[in-house]
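Labels A, B, C and D are assigned to the chains in the order they are written; within every chain, residues are numbered from 1.
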Amino acid sequence: MTTIAEVNSGNEALCADQCMRIHQLMVRARVLDERMIQMSKSGEGYFWIGGPGEEAFNVCLGLQLKKGCGPDYDFLHLHYRSLATLLAMGMPMLDATRQAAVRITDPHSMGRNFLGHSALRKWNVVPVSSVVGAKFAMAPGTALVQKRHGGDGVTVVVGGDAGSSQGDFATCMIWSTRPGQELPVLMIVTNNQWGISTPMRSQHSEQHIVDRGEPFGIPGEVVDGNDPIASWHALRRALQWCRRKRRPFMLESQVSRLHGHSSSSGAMRVENEPDCLALWETKLLAAGVLTRASIDELWEAARGEAAAAVQQALQEPEPTPDDVRRHTYAPSPVDVVYPDDYTGLPH
Amino acid sequence: MTTIAEVNSGNEALCADQCMRIHQLMVRARVLDERMIQMSKSGEGYFWIGGPGEEAFNVCLGLQLKKGCGPDYDFLHLHYRSLATLLAMGMPMLDATRQAAVRITDPHSMGRNFLGHSALRKWNVVPVSSVVGAKFAMAPGTALVQKRHGGDGVTVVVGGDAGSSQGDFATCMIWSTRPGQELPVLMIVTNNQWGISTPMRSQHSEQHIVDRGEPFGIPGEVVDGNDPIASWHALRRALQWCRRKRRPFMLESQVSRLHGHSSSSGAMRVENEPDCLALWETKLLAAGVLTRASIDELWEAARGEAAAAVQQALQEPEPTPDDVRRHTYAPSPVDVVYPDDYTGLPH
Amino acid sequence: MATLVQAVRMALHYGETYLGVTDILGEDVGPPLGGVFTATQGLETAWNTPLDERGIVGAAMGIAYAGGRPVAEIQFCDYGFNTIDLLKVAGNQRWAGGGNYEMPIVLMTPSGSGIRGSLYHSHSFESWASRLAGWKVVMPSNALDAYGLMLSAIVDPNPVLVLLPKALLRVRGEKLIPGEPADPELLKQLIDAPLGDRTGWRPRWPDLDEYLVPIGTADQVREGTHATLVSYGRTLPLCVKAADLLRESDGLTCDVIDLRSIFPYDWRMISQSVLKTGRVLFVNEDSEVTNFGEHLLRRVVEEHFYDLLARPRVLQGQHVPGIGLNQIYEQNTVPQLPHILETLRAVATEEA
Amino acid sequence: MATLVQAVRMALHYGETYLGVTDILGEDVGPPLGGVFTATQGLETAWNTPLDERGIVGAAMGIAYAGGRPVAEIQFCDYGFNTIDLLKVAGNQRWAGGGNYEMPIVLMTPSGSGIRGSLYHSHSFESWASRLAGWKVVMPSNALDAYGLMLSAIVDPNPVLVLLPKALLRVRGEKLIPGEPADPELLKQLIDAPLGDRTGWRPRWPDLDEYLVPIGTADQVREGTHATLVSYGRTLPLCVKAADLLRESDGLTCDVIDLRSIFPYDWRMISQSVLKTGRVLFVNEDSEVTNFGEHLLRRVVEEHFYDLLARPRVLQGQHVPGIGLNQIYEQNTVPQLPHILETLRAVATEEA
């Protein structure tokens, strides 16, 4: 099958190997999210939020990042729907199911935070906070260090459409374009047209959110996030701009929200939005890159992998009462009360 | 002299009577601000902040407002440099000097707040807060009531260039352009190129601040705020747009800051910025609308008026310890502890 | 019997029908959702805002300045911390402006733990809020009080913060709201939006009556002599349970006071009870450094130090950065029934 | 002898020279002004930001994530109230992220009354700040402590808030900062920017030494037996004066403790002193409902209730929406020397 060299979308193309790699990651992300939705309903987990419908775009992002620790690498201020990005970067499913199962082994939060609230120092994934907007205020800071440090590391900040209403979105644009101090920030908006139950169009008159970059000289692009080929190239251009020009870029990805907002709203599958994965499979089938059988096999394998990741996580220990205070403070040589960590009120 | 019908500036003109009226108000504002600067240095007052350099624009604003109480009239979220606007609306000098002298008779704040922090319910002047930005979050609220109420009352919100960095500035744009719910807000930026000691150009890459309205479909105009004729007409167009279309408009007025930021930075006269009043007098002299003698007379009269306003204020009573808590609460029929006002901790 | 959240909804209906409420605004409060907890379903004046808490508070203030009477919602109090400057302005504008303007806004927001909410759906807000001079702050622990406090909040011409205990929103009241049908199923049919498509749905409101819980009045929900127990919100029913258990097990009886109004608070009721019992325990789930319960303790020490028979106590949440999702975290971060019972017993039995 | 604000400036110079400070950022902190109180004049890494406190705090956090060590300034603490959500994130990110990241930021901001600052240049911030789990909070009352606390704040890998008492910024210290010239005129010539044009000016820094005031250590500035007096910031020198006056007038002596570190606080020193004197007064100027002094009182009641000889007290600012500009307001809103003296005398002399 891999004799087919390229797959096309409009004027753009992607080599078949890459297409298959993207497809496999999309399947794994979708299967994992669906399995974690189950967890939230069965009591194996308490809560689900994730990215079904964003896999095409998010996988392409994950595959093009410069992964590592420190200012030589990309800094990531992710969204709570960025699961596919992390899988594409190489995160094992287990590190998601551990968080879904609120285990002490959860590398993102020790079973403390909601699913999708990632934190991985080894890959510059700064802790995702539930506070919509906050990351847009922080992103210029990581980018500033990167700019000063040299190299081609950039800062990527990903948020939703509704979240662009927060003043911090403007803060990010202003701070990234201070004259002579422009910063390599890639501002990504995954526009699924919804903020929980509120349609984007009921609250926002901007034709495209990226239009807001124009007055600041921030170039922008709107991309069909359901199309992996378009997404791949839009991300390639955007990242290249930031890496080379050391200036901001804004990318708006039109995506679907296939299971509603979160488990709080039921996480039922919606029927009226395009499914990037189904579309991609249709395309790859038509292009002869994949067969029905090879697709089924992939899904099967992903399901097995997800099941194992859930099973493994559920066997791992939960926190104990002693864990409540852990990591409140980093050890400090200049603190006589908390030289190590927090141990309750001063005594 | 009033046989001269009009004065021109570029393609625009203003009738001589209006020009004289504007001039007189500018002189009164300038003289009063200068006198209040003296107060801050002599100990007659504690603090000065004001609008020398903004008189041309601010007077034109004050003269075109729909003055009154309630949603039929314009709501004003003013800047702390809006003295000339208030004088143009008819505020007596005494109501400024009372605040400068921190008397209990100060109608804006009972001697509590800094100069320029106005509050006049009779004219819909909502209390100016020192918190730069906050007014931009509030302005859509007054405008929403006006829109619903009908009529042609609009909301005018005035802030500085540096203050546009606050997220609330974006909030105002977003909330004023919700699809189908557009609001009659006139956003005015008095751009003096400074935030205390920080040049606008060191922090902002937007060519014009009003460009930020474009993505939201908010029309904008930049006007030479040192030119009363240009200011008059720009304000006329802007207010008319808001009154008739019931939609937002943004106006950026390029003004001078002739005495630095405030008494905290010395309030010394700067020499390198255009003085709208001097320019205007030159123009009106050249046009034959005023004579040197008539100008001198006006200044003399204004100085006398200001001196009297200071003297009167200084004779008025100061607050007493009993005033500390007054007006913490409005009387409430449903509060058993504070049916009237705050009387200390519950007892 | 209505749930607490139904009571809030009915109060808002009463408010927009009879008390001049002009706007109920917030994220997802309008159709189709009617609030993430259903508090605003079917209301005439409810509308959705952008995802912008500063805009919500600011707009409410502006609406009030122009003569409207808004009820604004912060979806979770956890997301109100970027608006504290605006809340301060709302609280100080009348004072700062020498009495020029009133500020009749109601801000309502779910507060506290108990719904497995992890860090950002478990915060308490009352200790922060109690510092906002110029504001009044109330927190009901049952449906009827929610109705009565909400109406008072609406009527009061000052900014009033209504904290809704998340954990109790779906708890049914024991007392009827004046006008509500006694059958909860019927009530549900009348005023709860159906699942699925709601485009054609309209609520059928019962014919409700005015019922005001005056601001500043607490409710004494148990009477006793061995100790005074003061709480509000989620921990209030736990305190009642603890007091009942202590009576059963040890024969010790307590005054249990539901504060309801956090500022101003019903000092007279607290004071009289402490004078009677000489022993007092304040319980809340907010974190323990600079906690509103510590303020109440200070008042007791200030006015009743020499009346106390035993060390007065405050039981609070831990001073940690958040409440973790795994229930081990939550159970060991904020007071639960066993902690309350144990501390109450200690207060009631400590040798003087 | 350096003023407090000069000490801060020297600490920042030491920090950027020897302790890895990468950025000193805030409104007007860079050239030409170097801060509205001159705290950042002549520093290598100081730069001006947009007028956006959320951006300032957010950028500092980002810089720290990427390995920098920023010192951020909020020009007046009064303007920090729209950043409390970010401060919370800064304080909870390590805990929430299971220890993935440190957050070595210093946030400095002038706090408190005493410069005729009206509503928005007179706020106190420590009661709010003490509620921010994950943060450390310090407040010097003299130049040497300002230097030593600032260095510790820089070295500490956690977020540290340095509150600078506005009223004391221009007060000269009584002890030399290690390395500073003894002659204040000389120091001024070396490190204060000239009035007028500063384009050619460069500071000539004295050769300073490291001096750390460990976080969590208070300073006992007076010793006595009749009462314990605990304060910090603007009211600390007033407390010293009150204690001295009381000794002169009544022959009563007090322990006066300069807390310096608000969280964590030096509980051992407070506790030992209270054990010795049995009488305690906490003084601060923050407003009186849910005040950090009430927390300290609660700790005393919790651990020393039966050791107390007299009712413990907290003297605080009034619960009003602001401090008015006319000095009648200010004098009657926050504690002044006569109030402190009177209350101290009452504590020290109350019959047990």
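Basically, a contact is a pair of C-beta atoms (placed from the backbone, for glycine too) under 8 Å apart; a residue touches a chain by one contact, two chains touch by 3 or more.
The structure displayed is predicted, hence computed values, not measured ones.
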Winner on C-beta contact pairs when A-C is weighed against B-C: B-C
Longest centre-to-centre distance from subunit C, chain (CA-based): B
Inter-chain centre distance, subunit B versus subunit D - centres from mean C-alpha coordinates, in Å: 36
Chain centre separation (subunit B, subunit C; CA means) in Å: 40
Gap in Å, rounded to a whole number, between the CA centres of subunit B and subunit A: 46
Where subunit D touches two or more other chains at once, by residue number: 49-50, 52, 54-55, 79, 82, 85-86, 94-96, 119, 133-134, 263, 288-289, 319-322
Junction residues of subunit B - those touching two or more other chains: 109-110, 112-113, 129, 131, 165-168, 171, 174, 178, 202-204, 328, 345
Complex interface listing, subunit B residues touching subunit A: 165-171, 174, 177-179, 182, 201-207, 211-212, 214-217
Touching residues on subunit D, where the partner in the complex is subunit C: 54, 79, 81-86, 88, 91-92, 94-96, 119, 127-128, 130-131, 133-134, 263, 287-292, 294-295, 297-298, 301-302, 305-306, 311-314, 319-322
Of subunit D, residues touching subunit A in the complex: 22-23, 49-50, 52, 54-55, 57-68, 70, 85-86, 89, 93-104, 133-134, 136, 151-152, 155-158, 212, 214-217, 263-268, 299
Contact set on subunit C toward subunit A in their complex: 27-28, 30, 32-33, 36, 48-52, 54-55, 78-79, 82, 116, 118-121, 288-289, 318-322, 324-326, 328-329, 331-333
Touching residues on subunit A, where the partner in the complex is subunit C: 46-47, 102-104, 109-114, 129-133, 162-163, 165-167, 195-198, 202-204, 264, 318-321, 323-325, 328, 342, 344-345
